[in-house]
Amino acid sequence: MATSPERVAPGPPAGGRAAFEVSLDNFSGPFDLLLSLIAKHRLDVTEIALAQVTDEFIAHIHAAGEWDLSQASEFLVVAATLLDLKAARLLPTPTVEEAEDLELLEARDLLFARLLQYRAFKQVAAHLEDRLEEQTRSRPRSVRLEPHLAALLPELVISIGPERLAGLAAAALSPKPPPPGVDVGHLHAPVVSVREQASVLVERLRGARAATFRALTADADGVPVVVARFLALLELFREGAVAFEQAGPLGDLTVLWTGAEHGGVAVDDDYDDGAGPAEPVDGPSDEGRTEEDA
Amino acid sequence: MTETAPALDVDRVLAALEAVLMVADEPVPVAGLAAAVGLPVEEAEALLSELAADYRGERGGRPRGFELRDVGGGWRVYSSPVHADVVGAFVLDGQTARLTQAALETLAIVAYRQPISRGRIAAVRGVSVDGVVRTLLSRGLVEEAGHDDAGGATLYRTSRYFLERFGLRSLEELPPLAPYLPEADALLDLDGVAS
Amino acid sequence: MTETAPALDVDRVLAALEAVLMVADEPVPVAGLAAAVGLPVEEAEALLSELAADYRGERGGRPRGFELRDVGGGWRVYSSPVHADVVGAFVLDGQTARLTQAALETLAIVAYRQPISRGRIAAVRGVSVDGVVRTLLSRGLVEEAGHDDAGGATLYRTSRYFLERFGLRSLEELPPLAPYLPEADALLDLDGVAS
């Protein structure tokens, strides 16, 4: 995306930014961007006319194209809040007492409070930068111990051998585990694959012709597997491979096999992470698809 | 200065302090220096201040090209900033590596809100700070400070090296944050604006 | 001393020389110092001798706790041997005969990735390693090995004494890393790490 010349870009050029950050021009976060837009229009943060900056904020996000959503969620939260506030202003609001208005006011105050807090730290960071700049003009004396003093040191006791040294080097040079933090693994890639569960069901139903849902999930290892099998049955139903019978509400659900004796059944993997067209599902494949979160 | 000691003894102690400071590779706490020269801490402190003044040219001599400073929890010899250009031509080290805006902001948040978890820093900055915190850790400017009681998240604080690099004796010397924050009134007044 | 220059200018040049010498880790050649302060080599040499005399207490002041010596190839500031006992006790205080875990780990990285800069080691270890590298240098286990082509950073390698202490005839006798790694190709790509 292009950097328009009139943009107020605080801080060092983009080259100084690390790659892990949302790369939205030079801005290191939604507050940074919002503050710069406010500065550009010479608005006071506390009197910010949101409509003036909302469009530009949204435009910036739009221009960013593809980015890592987990990093960019804050941008979206801020954008959504700005949009809400703008929309509320465009529509006539007869009474302020309505709950929605109060929510909007709260959202706005929260946004302002966070923006002001961020601005304070940004300003104090500029102060720290000046200080660092000043301090860098002095260098500490830091020299190797003179030989006659080094000679005073007790003879080193080295209690490890070359093998231990190799172990230490290997440990240090191996990739580090990710820092302890929020594990977002569970947010991605279903742990249980619907398509795999469909394979299991196809095989069983072809053999048994009919089975209750209770029986089909008796061996399920946990709720996710039960859910996956239920979704798989819906898919199979859509393909006309199964029919359902239920005596009454909350009664046992009986699943009847109505599909072909052989061959694959197309199960769309809407639910799974893998992209691509629906693949035919056979019985348990001989490739032994065991990975659960490919 | 000790008033009872003969001048020669004071000179000798001053020189001994200088000799020790020459081999130090980090700020030396006054207690360590006092122990080395066998003086009570208060007297050692007074002599160190004397030395610092002497180097600044406040004791009759010319200003020296080096300074004795009390930062980061101890005393250490530095080159004088007046001659930074000349020194820079000779001494290449990691000091000149600049911190990015993101790193400075993160450092500021840690400095004023320590101990603090990455999650809470991210909440202030509005973006993930994992990479920045790693950078600050590797630069030795912040360090781990145990875990959050509630969630068990790792907490971070600024290091002694941070104090030294920013020329601070202690965190109390950080400029107050309050003037940068709007008045409470301004916050309360938000309802009255932008409508 | 230059006879034509006003005293103030001489003071300034003396201070500039002091600034460089006080923070230089290696002896600084006089030619470089002369160029930095814009003086002919002879005059710079004369000023350096002046400084050395000043520190010895031969120019009216007290003898300093540090010395400026011409050690062949250059000038360097040393802690004065007069106070060797005080300094020695200070250096020994808190010293142990064992290397810390951090020092061993750093030594291992140097052994397997030499020649390597401090920045690279810091990137691998995730913390600043200046102090640790200095310890390994003073202990003679690692030594300097020229400069990085790119940034000019000092490179380090293990010494002959290192081989001796670990009972190795050459670096080739270091055990291969592979058996200690989860996967051979899982090694950090050092080139991708900021230095």
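As written, the chains take the letters A, B and C, and residue 1 is the first residue of each chain.
Operating definition for what follows: a residue touches a chain if its C-beta (ideal position, glycine included) is under 8 Å from a C-beta of that chain, and two chains touch if they have at least 3 such contacts.
Nothing here was measured: the structure is a model prediction, and the numbers come from that model.
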Quiz item: Of all the chains, which has the CA centre nearest the overall CA centre?
Solution: B
Self-check item: Taking each chain's C-alpha mean as its centre, the one farthest from subunit B
Solution: A
Quiz item: So what's the Cα centroid distance for subunit A and subunit B, whole Å?
Solution: 37
Quiz item: Cα centroid separation between subunit B and subunit C, in whole Å?
Solution: 23
Quiz item: What whole-Å value do you get for the distance between subunit A and subunit C if each is reduced to the mean of its CA atoms?
Solution: 46
Quiz item: Going by the touch rule set out above, which residues of subunit A reach two or more other chains?
Solution: 139-143, 145-146, 149
Quiz item: Among the residues of subunit C, which are close enough to touch at least two other chains?
Solution: 22-24, 78-79, 84, 87, 91, 126, 130, 134
Quiz prompt | Residues on subunit A engaged by subunit C in the complex (per definition of touch) | solution = 139-146, 148-150, 152-163, 165-176
Quiz item: Which residues of subunit C touch subunit A in the complex?
Solution: 22-25, 78-79, 81, 84, 87-88, 91-92, 95-99, 104-105, 107-109, 111-113, 124-126, 130, 134, 137-141, 165-168, 173-177, 180-182, 186-188
Practice problem: Quick one: which bits of subunit C touch subunit B in the complex? Just the residue numbers, please. | Solution: 11, 14-24, 28, 32, 36-37, 61-66, 77-80, 82-84, 86-87, 89-91, 93, 118-119, 122-123, 126-128, 130-131, 134, 152-153
Quiz prompt | Of subunit A, residues touching subunit B in the complex | solution = 10-12, 16-22, 28-32, 45-50, 70-71, 74-75, 78, 89, 105, 108-109, 112-114, 116-129, 131-132, 134-143, 145-146, 149, 179-182
